[in-house]
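In the two complexes below, chain A is the common chain; its partner is chain B in one and chain C in the other.
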Partner chain A sequence: MLQVKKPTIALFLLPTFLFIALINIFPIAYTVYISLTNENTFNEFLQNYHFVGLKNFQSILSEANTALIPVVLLTLLYVAICIGSFLIIGMLTAMILNDKRIRGLKIWRALIILPWAMPSFVTALIWKFLFDYNFGPFNNILRYFTQNVNAGVNWLGSPIPAFIAVVVVNLWLSYPFFTIVILGALQSIPEELNDAAKVDGASTWQRFREVTLPLLVPAITPITVMSGITTFQMFNTVWLITAGGPFTDITKPGATDFVMLYFYNYFTTGAFTNYGKAAATAIIVFILLLIAILAGFRLTGFNREETAK
Partner chain B sequence: MSEQSIPENAVSAAQNINPAMSASRAVPAVPAPQTVDLSYKMKRNIGLTLEYLFLIGMTIFAIFPLYYVLQASFNATQQLITTTLQLFPQSPTLGDYTYILGQTSFLHWLLNTTLLVGGSTFLGLIISVLGAYALSRFKFKGRLSTLTFLLALQAFPGLLAITAYYQILQSLHLTGTLEGLLLIYTAGSIIFGAWNIKGYFDTLPKELEEAAYVDGASPFRTFWQIMLPLASPSIAATALISFIGGFNEFALANLVLTPNADQSNITVTVGLFSLANNHSTPWGYFAAASVLVTVPLVIIFLLLQRYLQSGLTIGSVKG
Partner chain C sequence: MLSKKRFALSMVVAITATAMLLAACGSSSTSGSSGTSVNYSGTITIWDDWTGAYLSAKQQIVNNFMQQYPNVKINLVTVNLDDNKLITTEKSGVNAPDIVAFPVDHIGTLATAGVIQPIDSYESAAQLAQTYTAPAAAGVQFNNHVYGIPEVTEIVTMFYNKSMVSASQLPTTTSQMLTFEQTYAQQHPGDYGLVWPPNDAYYNAGFFYAYGASYIDGQGNTQIGSPASVQAATFLQSFNQYLPKSLNNQTASALFSEGKAAATIDGPWAYDTYAKAIGANNVGFAVLPTVDSTNKPISPFVGGKTFMVTKTATNVPLDVAFMKYFTNESNQVTMCVATGEIPANLAAGNNPQITGNAVISAFFAQTKNGVPFPNTPYMSAVWTPMANALVADFQGNTTPAAAMSQAQSLIQKGVQNISGN
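What follows is the complex of A and B.
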């Protein structure tokens, strides 16, 4: 630590704080303020809305069984399935790319991490077409092999296929990151360890479980937590593909209406928006995210090093 | 494989103790029973074959979307609206490309996005690099709580505060403009940047700066001439990540920007979205536009990839 005069420190930090105060803190404070009023599309224009206390929160919690809780549970299910598949695919690809018997490893590696290099909003829109019921290639492949023109899964139009579709797309977008990180960790494991286990007569599976896996955990935990958090607040990709739908019942959230999409849809669809209630929803989502992130840090010991100083 | 990886010294030690073993090494034919050897070999070959099959499967999965959009962009548009399987262009044309470059505002979108995201990345870096240095090196009260506070703020998704952004932009007379969006994007990149670059500063030795201070250099000069060049890997990685993040942002851009008549004032994301979802525009147009966006980005990314690995400190493998 360097001892520097206070004005110098302030000068270094000033731009950061100015921007954060304007674009991060003010919006949060403003959202808290709106969440305590009854502002909506009508009285916003006339500027005659007023404080209503915690009424918005009460009304959200009173209907939590039909909206908030199902949406959060659906999001958690999505996170669990996604993270599980990232780990399995990432681990398998990394282990194979670490096998020196494979020829052309560099080429395979470049091909397999390609999705990482593509802009995700473009690929989301491409995937949307791939899943198209009438003209998308997936259904065309199905028709080609079944020789039945009427074959085809209504990927984005029925609940479970739509859910599977957004899992597949997220897997496609995210596994390369897992592959790279796990591959890096695998390469740092000294070969002697595995050989020693082999000499001791350990089977492939035993070597994986007892030698490799424990050494991978420090690398896997942080990316799992980070990825869990970003998946929980996923918006762009899912919205571009399903927009939260399909909606089978107007009064209920759609089949892929994850937390952020639910908020966005609530806020932007329809001519009438209850801003007060939307803001209250935002605050609740923020608190949920904060809990998830703090739990994640506890799990990874992310802050440990820093606080120990 | 296992023979090769026995450490050299272990082998020579064995040679000293047991000459018979070195003999068996020179003539490797202490024949194991044929059947055992075969089944072991077969097992290995099956394993290897399965690995290759998995690699091929994953490669098809990985490149199929890019391949499909690439071939579609050369397909005459009307041929895409078909229920028969088509994986190669029937009669390749450049029609979709000439349409995108000539009849739409595509080049404007690209310019808008580049200026917007380039600007916000640059501005965000200047601000966060200063903050990161102070947070890493200076001793002051509340340093740790500032760091934690920044992380907690990061948890607040910007999208949730859209009404507040609207109010801010309105009071600055920036509603519906790219400048307004630039402000929001800049702030969005500061916290990540500050944390990531701070983590990198932490790994640099203090002796260099201390020597500079002893020689009478000001904190700002030390920062500018000594520390900034040393931190360039993490600055590059932060820039790349901020740029990719901003480039892909859709939700805020879609809400903030109001397209004009010829749609020349929107970003690539909003433009491509309208191309993909407008049922009166053929999908081939979208395909050509996305190839024009994707290919340069893939090349840039592959070239800069190694910076990403050396300059990322958040969530990276520290062991």
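What follows is the complex of A and C.
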């Protein structure tokens, strides 16, 4: 056995530690420091900023009741609807693709990954066009069938259709991931189990409910949690399509003003140059995301020592 | 700690250097109407974002200057112009520029941040007013100090497609504008009359100023909630029945390029795209209409690029002399003919070479109706609320009065954020 002294170990770890300190710890500590000052674009060079205590946090949280809480609730609703539809569509497509009677399975499986493999901003812009009131195909199809040139849903201009639109786009972008993971899990279920249940007289639904689903849970739970967290943090796709709007009252959050969009909008409204407030905002967003992630860990049992196989 | 020490050290060096320079200037300065003599030697570093054809036209002026004054060396550094980048660089003092060519609306932020210095002693407001167009001269003044020399200006004006309408059919008043929109769409189903981004605070500023409402002033006061502003918003909302609901920068530009809109409102940067799309012979220009109720022409923002002298500049008299040389009549004429930019120099704008250029002269003519682009740092509190208010207004999701009063309260909150806690 090779004996290594502790100082030697420390010496070898030092470069990595310094690196982490420089890249991670210092900026985090600096952000906390800035958040307690009134530093901004105008006093940075002149260096006449000073400590203001928790004033930045107070001013952000003072709007909690009118803005922050509704925004978090709206985001949670969005996450719930999105994840629910990912699961249903992902499950259905996976079961179809798992059916050996279907021809050209390999082609279908490759095709279904396409939306997920496309850069999300391209997809978002294409959908934005599809939903367009005047020129978008959805409304044009509607006009064709109703034979009414004035027909059409103002998808991106009215609150509820806009919310539906961003759910649909996120669904399009994310369900293939669910399909692939669920398909993988389905293929690992031995056919004998299903056959045995069949012999016992279980109906199709019973076999799904009692045999397939329980075996899928270990695969579904982590992707659900991961997807939930990314949906909670959703920014670019929704930003490109609605930018948080439509607004019926611009002093209040818009119909698709999810957490990240709300803070971005909040930020660009004059707070852009206010580093202190920006840092405080970053810390609040960090805490919100930390809560979401910890809740996710709890659900998956990620941080439990005795993780089941 | 370390950075503070280093900063202090660099300040000491800078101050000593400045003091020595001033002493040198003082002893040698004997004549000169402006009271300062220029020491034509040393290196000038300029930050700009010029590339391609722009760069070569500007490099030519720089080369001529260096030829005239062989002891002067000028480095053009192409950077992404960003306030924070300049602040950080000035703070560190490493590779800091002497002159920056920023958009004019950055003056307030950079001056308040202390990274650019006033140049009143080398170029007075009166001199500016004689040499440059009125909005350009006003645009470089902040808190009663001159902070820059205008290089080129930018403004939006009306483009029209000569194959779709004739100049005489174009609206000259706001009421005609609405009728034009209505009748053109009726006569040409599927096409549009005049399109512009109704959701953009920059493109629509001209309407608000012509109705008598200003976005923001130097003290952070806004008139967005005023009756005049509500009138402008009401006028803009009345177009929503004739225009596509999703109209924005891209759709407006696409409609005009594809010959589906007879006219649009856009700036000099868009000319090449339109000339290529509908043919240069088909692109016509018209000055934006006049508001009936106030009898004032639609007054868009006059922005553009401005030369500013940084805090760490070593030879300010030379820097200003270069900036004035760069923007003199003959240099402006040659440069603008080559780049298609709009001269800030008054005499250059009236030079036959420019008046003979249909594109540049159209924008130069529109500049006469323009207002200076607000250069106050408070302007950054206006963009987002105004854009959201304009969308809500145009979509008809709120009344014009509600949209404007909501924007007003958001802007006031933003101004508070900027002015400190």
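Throughout what follows, the second predicted complex is superposed on the first by the 258 of 309 C-alpha atoms of A that agree within 3 Å, B and C clash if a C-alpha of one lies under 4 Å from a C-alpha of the other, contacts with A are read in each partner's own complex, and residues count from 1 in each chain.
Heads up, the rule we're going with is that a contact is a pair of C-beta atoms (placed from the backbone, for glycine too) under 8 Å apart; a residue touches a chain by one contact, two chains touch by 3 or more.
Since we're looking at a predicted model, the values are computed, not measured.
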First (chain B), second (chain C), both or neither: which does A:Phe57 touch?
-> neither
Would you sort A:Asn154 into first (chain B), second (chain C), both or neither based on which partner it touches?
-> second
Looking at chain A, which partner touches more of its residues: chain C or chain B?
-> B
Touching A:Pro246, do we find chain B (first), chain C (second), both, or neither?
-> second
Touching partner for A:Phe42 - first (chain B), second (chain C), both, neither = second
Just chain B (first), just chain C (second), both, or neither: which does A:Leu114 touch?
-> first
May I ask you to decide whether A:Ile223 touches chain B, chain C, both, or neither, giving the answer as first, second, both or neither?
-> first
Which of chain B and chain C A:Phe208 touches, first, second, both or neither = neither
Both partners, chain B and chain C, contact chain A at residues 134-135, 268
Which bits of chain B are touching chain A when the two form their complex?
-> 1-2, 5-7, 48, 51-52, 54-55, 58-59, 61-66, 68-69, 80-87, 126-128, 130-131, 133-135, 137-140, 144, 147-148, 150-153, 155-165, 167-168, 183-184, 186-188, 190-191, 194, 206, 209-210, 213, 219-220, 223, 244, 247-251, 255, 269, 272-273, 276, 283, 286, 290, 293-294, 297-298, 301-302, 305, 309, 315-317, 319
Mind listing the chain C positions that touch chain A in their complex?
-> 4, 7, 83-84, 87, 90-91, 109, 112-115, 244-246, 251, 311, 377-378, 380-381, 383-385, 388-389, 391-392, 395, 397-398, 402-403, 406-407, 409-411, 413-418, 420-421
Mind listing the chain A positions that touch chain B in their complex?
-> 1-4, 6, 8-9, 11-13, 15-17, 19-20, 22-28, 30-31, 34, 89, 92-93, 96, 99, 101-102, 108, 110-123, 125-130, 134-135, 137, 139-141, 143-144, 149, 172, 176, 180-181, 184-185, 188, 191-192, 195, 198, 218-219, 222-223, 226, 233, 235-236, 239-240, 260, 263-264, 267-268, 275, 278-279, 282, 285-286, 289-290, 293, 303, 306-307, 309
Chain A residues within the chain C interface of the complex = 38, 40-47, 52, 55-56, 59, 132-135, 154, 156-158, 245-251, 254, 265, 268-274, 276-277
